[in-house]
Amino acid sequence: MRDLLREVLEANLRIPKEGLATLTWGNVSGVDRGAGVYVIKPSGVPYARLTEEDLVTVEIETGRVVGSRLKPSVDSETHRLLYQAFPEIGGITHTHSTHAVAFAQAHRDIPVLGTTHADNFNGPIPVTRDLTPAECESEYERNTGLVILDVLDGDAASVPAALVASHGPFTWGANATKSLETAVVCEEVARMAIHTLALNPAAEPPEHLIRRHYTRKHGPDSYYGNV
Amino acid sequence: MRDLLREVLEANLRIPKEGLATLTWGNVSGVDRGAGVYVIKPSGVPYARLTEEDLVTVEIETGRVVGSRLKPSVDSETHRLLYQAFPEIGGITHTHSTHAVAFAQAHRDIPVLGTTHADNFNGPIPVTRDLTPAECESEYERNTGLVILDVLDGDAASVPAALVASHGPFTWGANATKSLETAVVCEEVARMAIHTLALNPAAEPPEHLIRRHYTRKHGPDSYYGNV
Amino acid sequence: MRDLLREVLEANLRIPKEGLATLTWGNVSGVDRGAGVYVIKPSGVPYARLTEEDLVTVEIETGRVVGSRLKPSVDSETHRLLYQAFPEIGGITHTHSTHAVAFAQAHRDIPVLGTTHADNFNGPIPVTRDLTPAECESEYERNTGLVILDVLDGDAASVPAALVASHGPFTWGANATKSLETAVVCEEVARMAIHTLALNPAAEPPEHLIRRHYTRKHGPDSYYGNV
Amino acid sequence: MRDLLREVLEANLRIPKEGLATLTWGNVSGVDRGAGVYVIKPSGVPYARLTEEDLVTVEIETGRVVGSRLKPSVDSETHRLLYQAFPEIGGITHTHSTHAVAFAQAHRDIPVLGTTHADNFNGPIPVTRDLTPAECESEYERNTGLVILDVLDGDAASVPAALVASHGPFTWGANATKSLETAVVCEEVARMAIHTLALNPAAEPPEHLIRRHYTRKHGPDSYYGNV
């Protein structure tokens, strides 16, 4: 639990450090499946004075805050739904990073335009449908999670990221650190995509190249990295 | 008064630190309503050697400089008019931040394109009308304040920011720090908007989502933050 | 002379610090009219190890290097011609800053789009004509100065900057520091202009506003700054 | 060999420092022709904890790893093919820098638009053809080198850079440091080109100016720099 708190703190502090959001925006959480809880950034606390003690522990099943003096991020219920839906997820990051938000606001998927994308995501980063008035009225944050589930269609592994329409990116991974790094990549592929589409609106990579790059880093035939 | 000086100094120093303007550009002021004065950056002093002693104290009612050896920012009369018109304002920031200036120069409001905007502003950030030749001729800085009043139409609370046409953003808030942070957000939503409009010139968020995000952080039903 | 060397060194070191050019690109010079010389950056020396001893002193009249062990910047003859043509100039900066170069490469003046520009330049920053094959063949750097003179038409004061076509900006001022700061402003107004033109290709400020801003900071009716 | 390890380490560390790639992306190698080997970044090691001991030594002729405990970069075989094809190359850099990748993804050469480009490259930076399904299926990294060779047509000296289609830039030079610096320039001319083409899609510099700038810094008539 000590380790989880430290990791979640450090991942949160990387949000401003990596240029992913300004002021208090964004949040990272990490899970302890054994204890049935996740640890998340408190609501509205500036990064400059965020400590391990400020982090909020929440029960995955009930949403009950466990022994914390602060309220969790307003987006906590979105995290909780994703943890419930996908037992393999160990960390979640939400940012308002500039270029990923631009795609979310434009209601456009981030398309696969090259190997940088394919090294990390097995397909476009999808944008969700808009929430309905009723979904915004009540249990808004939980419903935000539900439109993410909709667009994932049961598969959180191939593309560990989604753009909530008119809002911004959620990313996830095996732990808090991985989810943060996926947020970094999501922003960078969005930035590359904006410039690429300006140079060539019809840009498209060959499917076999994309396949090669994804499998080079993921799955049984992967040969990237040093363990 | 000590505290006000320190806060106004620190808010001014955040202008270059947050990347909102180069060289000596920009200025922040903060008010002491009890004493009937505001404190503002002096004209043309580089941020690198700005001290509390350099700050200029000005009477809200008369515009008279009180016991300062330097001239206030040339924009001081614009600040003063806003303080006179809106008793609830405690701080004002003016910058020449790149992307907000681009909207001001393009004579376009910064439209509401998503939740980042709606978390902070209850509507588009409006651009003023152009000043007339007569308004530029005499009492130019006071007239700059008047066109801001025009576009606000009595409501400084819903959208605490305006773009002066062909010039740049003014933002305000409960104090100097808040006005500076609103300037940071104004620049960021402008940057996001430019990329969004490039990806989708017809981008528009659902009204009920925007409403939900604004009320989540503002007003009686707000549930954001930790007091 | 000691002071001049220090100022020219510091102005050169601000080129990378202000993000105006990468690697060894760019150069600043400053003049000692009494001694009839200017001091300029040597050719091809990285900023990280540039010292006062590396700076090269050149006679304005003859172009002869005086007591320096290094060759001056390849652009030295362009500086020299400008010093000869305009006795009031005390410093010159040449950079390859990204957005100003984009205008130079696009063969477009940087237009006056708002007060940030008008605070510093009394009109568009002009792009020169292309050099002819003969002008490129022999005395190329001196001819680069001559096309700048062409576009200035005898007036180096109103707009202390020009873009050499397909090349980049030269800026100047009362001394090396001022010329460098004008290079900073030139890059920033270019950046603002690119975003403005993307939002509104027909953007144009009212002439009387532009006039007011320029005269607010320049000439007999100026009331900006603290002496 | 000590010196080579230090140089290759430092060149690799400049990838994130110069903003050329995020996380573990990118790699630099340097060659020892006498020993018949090159030294390259290991696969997937974060820059923050990269040491000389982590670098991997590979035989140019056989591709065999010599006395290293880590696997080389997955792109190692691309480096090896280039070292085999061009004996004059002493260092190679591969990055996923944003703007160069945008051109690679758009399947567009980076055109010569001005002197910044011509100071460094004697022509457009070419984009390769797409790899075929068979070329992606087997010996993919070696085939990536082969499409670079195709586009170079035997001349690695005039333009020491190429963009692999839908992927990103490879650059090279006399040593690891030079190849890294060429990667910096490649990214910067790509950035300038994107802005230039937005301002003027038909922008083109005069051929004689381009010729003058290239020969000013390269070949027998060069007069740039201090030895």
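Going by the order they are written in, the chains are A, B, C and D; count residues from 1 in each one.
Assume a residue touches a chain if its C-beta (ideal position, glycine included) is under 8 Å from a C-beta of that chain, and two chains touch if they have at least 3 such contacts.
These numbers come from a predicted model, not from an experiment.
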| item | value |
| --- | --- |
| Same-residue or different-residue interface between chain B and chain C, half as cut-off | different |
| Farthest-lying chain, centroid of Cα atoms versus that of chain C | A |
| Copy-to-copy rotation for chain C and chain D - C-alpha atoms, rounded to a multiple of 5° | 90 |
| Whole-Å gap separating chain A and chain B, where each centre is the average of the chain's CA atoms | 32 |
| Interchain centroid distance [CA atoms averaged], chain A/chain C, Å | 46 |
| Interface hub residues of chain A, defined as touching at least two other chains | 198 |
| Chain contact topology (line, ring, star, complete or other) | ring |
| Chain-to-chain touches, reported pairwise for every pair that qualifies | A-B, A-D, B-C, C-D |
| Touching residues (chain side chain B, partner chain A) in the complex | 18, 113-116, 181, 184-185, 188, 191-193, 195-196, 198-200, 203, 205-206, 208-212, 216, 223-226 |
| Sites on chain C touched by chain D in the complex | 22-23, 25, 42-45, 70-71, 74, 96, 98-99, 101-108, 130-133, 136-137, 140, 165-168, 194, 197-198 |
